[in-house]
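Below are structures written as structure tokens.
Below, chain A partners chain B and then partners chain C, in two separate complexes.
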Partner chain A sequence: MSGHSNWPEWIYVGVVIVLLAYVGAEAWNVERLVDRAPAEAEVIKVIGQQWFWTFEHADGTKEVGELHIKKGHAYKFEITTKDVNHAFNIHDYVVLQDAVAGRINEVWFAPDKAGEFPIQCREYCGLLHYNMRGTLIVEE
Partner chain B sequence: MVLELHKPRPIWQIMFSTHHTDIGLLYTITSITFFFMGGALALGIRAELFLPGTQIITDSMTFNRMFTVHGTAMIFLFLLPFASGVGNYFVPIMVRYKDMAYPKLNAVAFWMIPPAGALIWLGFADFTWYATPPYSAIRAPGPAADMWIFAQKILGVSSVLGAINFVVTILKCKHPDLPLSKIPLLAWSFLSASLIIIVAVPTFAAALVMLLTDRLGVSGFFDPARGGDPIAYQHLFWFTFHPEVYVLVIPAIGMMYEIIPRFSRKPIFSQSSGIFAFVMLSIVSFSSWAHHMYSTGMSFTEKTVFMIGTLAAVPASAMHVFNFIATMWGGRIKFATPMMWSVGGIALFFSAGAGGVANSAMPFDFITHDSYWVVGHFHLFVMGTIAFGSIGFLYYMFPYITGRMYNETWGKIHFIMSFAGTVMVFFTQHVLGLYGMPRRVYDYQPYPEYIVMNQIASVGAMIIGTSMVIWLINMIYSAGKGKEANMDDPWGLGGKYYFPYQAKTPHH
Partner chain C sequence: MDKTIALMAVLTILVVLPTIQLVFAAGTDAHEYVNRKVEIWNLFFKMMTIAFTVGAVVSGTLIWLVWRFRESNPNAKPTKYEGTDW
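Our next item is the complex of A and B:
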């Protein structure tokens, strides 16, 4: 209490605040770069419904459960849902955005590796939520 | 008299009593009962996830109902009522008043919990503990969902009544010679947590009514087709339940403040910084609710604001950790069972907080959100910090409640097993999340990393389960047949270190 000095605690709190400020500034700086899609990104519409994903390319072709795209291009996903909320997730490329009823959410990425990557739903959406999966196929 | 089980009485005398220690006992026993019921569901969940494919639960709907009721029961029927039990025992003693301010209201608040618990357990809803629309409004099967909504409504009223009672008891009924700054930190923790409840809970109460009328089809608050917005529910929900995290954690820290100085045989390093940190936490708890919603399509500005709000909660939590370590520093520490639980709880609190800082960073959240990382992260709080603090405190209260001592060796075995199990389950789940495994899944892809880590987590859960059975046997056996406790100094700390008994019977 008042009987002794508290200066070690204030130094400690100061160090904690400096660390937090560093984390916050770093996060702000990175998020600023990834938040907005580049203008040339190709739009792919993503529609979630219980319990599968539908993809619509810019030229109007539709795919269900599988998404074929090309390496080295930027893509912007416009995500929505036909029923309940879902979350569109390609974990290997850190693509994650909720599919919210009545809204179109955007997220973008530019794949730099060819191959197959799992697509999954990350928001609980009922009976077969665990099995609401798809495949991203990145072609050369 | 305070020692209920020490002088046996017929059970209805305890049940229909309005005395604060009787209600404290009812709260404690009820919450521990629900803890074991919810724990059984957790073991079922972990057994199912031991391997990919179907193990013991044959359909995903049952699995979904299990994790929903597990979460709801552990938060609302174990952690909150347990804290109320401790508060009922100790707050009146600490402010030197004969009882709670409103004894009948106190009994009413308690007796709302059993019917709410019955609704939750008999309904067995499936829409997760945060019941997000549109799923909860249009797809979740009734009557389970409606029973869950009514149960939450009852529990919300119960906690507001309890909170008002604590605030009035502390502010208005404290002994006039006792300044607010000299009230023990455990009582301060109840003052802070109760103020948060009074401000936060009505918001969710409103959301529940809207959700119910949406389900009945008479309104469309959360239905975009009728001009509503499902995101509005998430804001209302998290405006209540992010602060609610602090409602749970603050009393647990208060319990540690009671135990750590006594078993270190030193006064608290700084009472004033403890009070400051509690008040800080209860204010900043309201600045971070939407950090649960980064991926719902928030703008960059919104995300930045809520990241800063989240980081703002950290210095106050760090001050508590500092206070604990500084109190133990140079003390003659006796590692009796309550002390071991408190120290273990602080270590896990620190780990959980460090994970939380990482999580609040916006780009990182898009890796961890709704993955097993989150499950591991908040379980380090609710299990590692809050349940550890609570269990340690129940060991500490045990002589006070029963007049007897628990078995110290088995108490230590209980702690060591639970600590090891908690590290195995929840640290592993952090890594599992980084590998991308979503939460709330009945089945997972058979990747070797997923399988190994799920198995470590499942084995850890079984270790925790076994240790809890040891605890239960220890409690029941010792309550009847344990050694008579030396009520002045049950742990032989060599001084007048057992606060509650001495406060109640000052001639000692």
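Our next item is the complex of A and C:
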């Protein structure tokens, strides 16, 4: 290099490498936190079908269109479908997972607020998709 | 050599220290479940901050470059190659 310095380029390269490493580590960590269900999480089976949701608690009780759970407990949803693909979504708790035929997909969360929250199908699944709703009822 | 040391120091501060912090944070189990909304939004916020900052620096550099080295710039000096056959 004839008489000109290229240290700004090296600083730029270093900063980009550091930022990418940071972004990667941060995303990996958040994914780990969000994906890994705690061992004590209670399993709730979620079955989607045109055009409603069925929930089965660990003790075998079933609910249709409504899901009653307790505040401060962890729950793991095992989500599947009886017909076409759906997607299980509790918007207020940022829970979203596809319901895919022949598969059981998992997602977990722990509600920290009591109240009623809408559940909605998020994968277009036919004529009444828009009305494939449910209610999450979080009790104290 | 000095530059390498400086780069390594920066890397250490930005990568190793947060990792240590993370490990210690994992030890203090206050038994609070993660809040998906908070975690996901924070990640999104950090990434957007980085993306927009890097985007602003890169596009700013390009805009400055095009402006500074335009032909009509009074400060523009012909390079030593101009008007020659190389």
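Here, the second predicted complex is superposed on the first by the 115 of 140 C-alpha atoms of A that agree within 3 Å, B and C clash if a C-alpha of one lies under 4 Å from a C-alpha of the other, contacts with A are read in each partner's own complex, and residues count from 1 in each chain.
Here is the rule we go by: contacts are C-beta pairs under 8 Å (C-beta built on N, C-alpha and C of every residue); 3 or more make two chains touch, one makes a residue touch a chain.
Just so you know, these numbers come straight off a predicted model, no measurement behind them.
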Can A:V23 be said to touch chain B (first), chain C (second), both, or neither?
both
Broader residue contact with chain A after superposition on the shared chain, chain B or chain C:
B
On the A-aligned overlay, A:A110 touches which partner chain: chain B = first, chain C = second, or both, or neither?
second
Report for A:D35: first if it touches chain B alone, second if chain C alone, otherwise both or neither.
first
Once chain A of both complexes is superposed, is A:Y93 in touch with chain B (first), chain C (second), both, or neither?
second
Name the contact category of A:W7: first (chain B only), second (chain C only), both, or neither.
second
Which of the two partners, first being chain B and second being chain C, lies in contact with A:A74: first, second, both, or neither?
second
Touching partner for A:G60 - first (chain B), second (chain C), both, neither:
neither
So the chain A residues that chain B and chain C both touch are 16-17, 19, 23, 26-27, 30, 34, 92, 94
Complex contact set, residues of chain A against chain B
1-2, 6, 8-9, 12-13, 16-17, 19-20, 23-24, 26-28, 30-32, 34-36, 50, 83-85, 87, 89, 91-92, 94, 96-98, 100-103, 105-106, 118, 120-131, 133
Sort out for me which residues of chain C touch chain A in the complex.
3, 7, 10-11, 14-15, 18-19, 22, 33-37, 39-40, 42-43, 46-47, 50, 54
Which stretch or stretches of chain B touch chain A in the complex?
60-61, 64, 126-128, 132, 134-135, 138-140, 223-225, 228-231, 267, 269-273, 295-297, 300, 303-304, 307-308, 311, 314-315, 318-319, 322-323, 326, 357-358, 360-364, 366-367, 369-371, 435-436, 438-445
Okay, in this complex, where on chain A does chain C touch?
7, 10, 14, 16-19, 21-23, 25-27, 29-30, 33-34, 38, 72, 74, 92-95, 109-110, 112
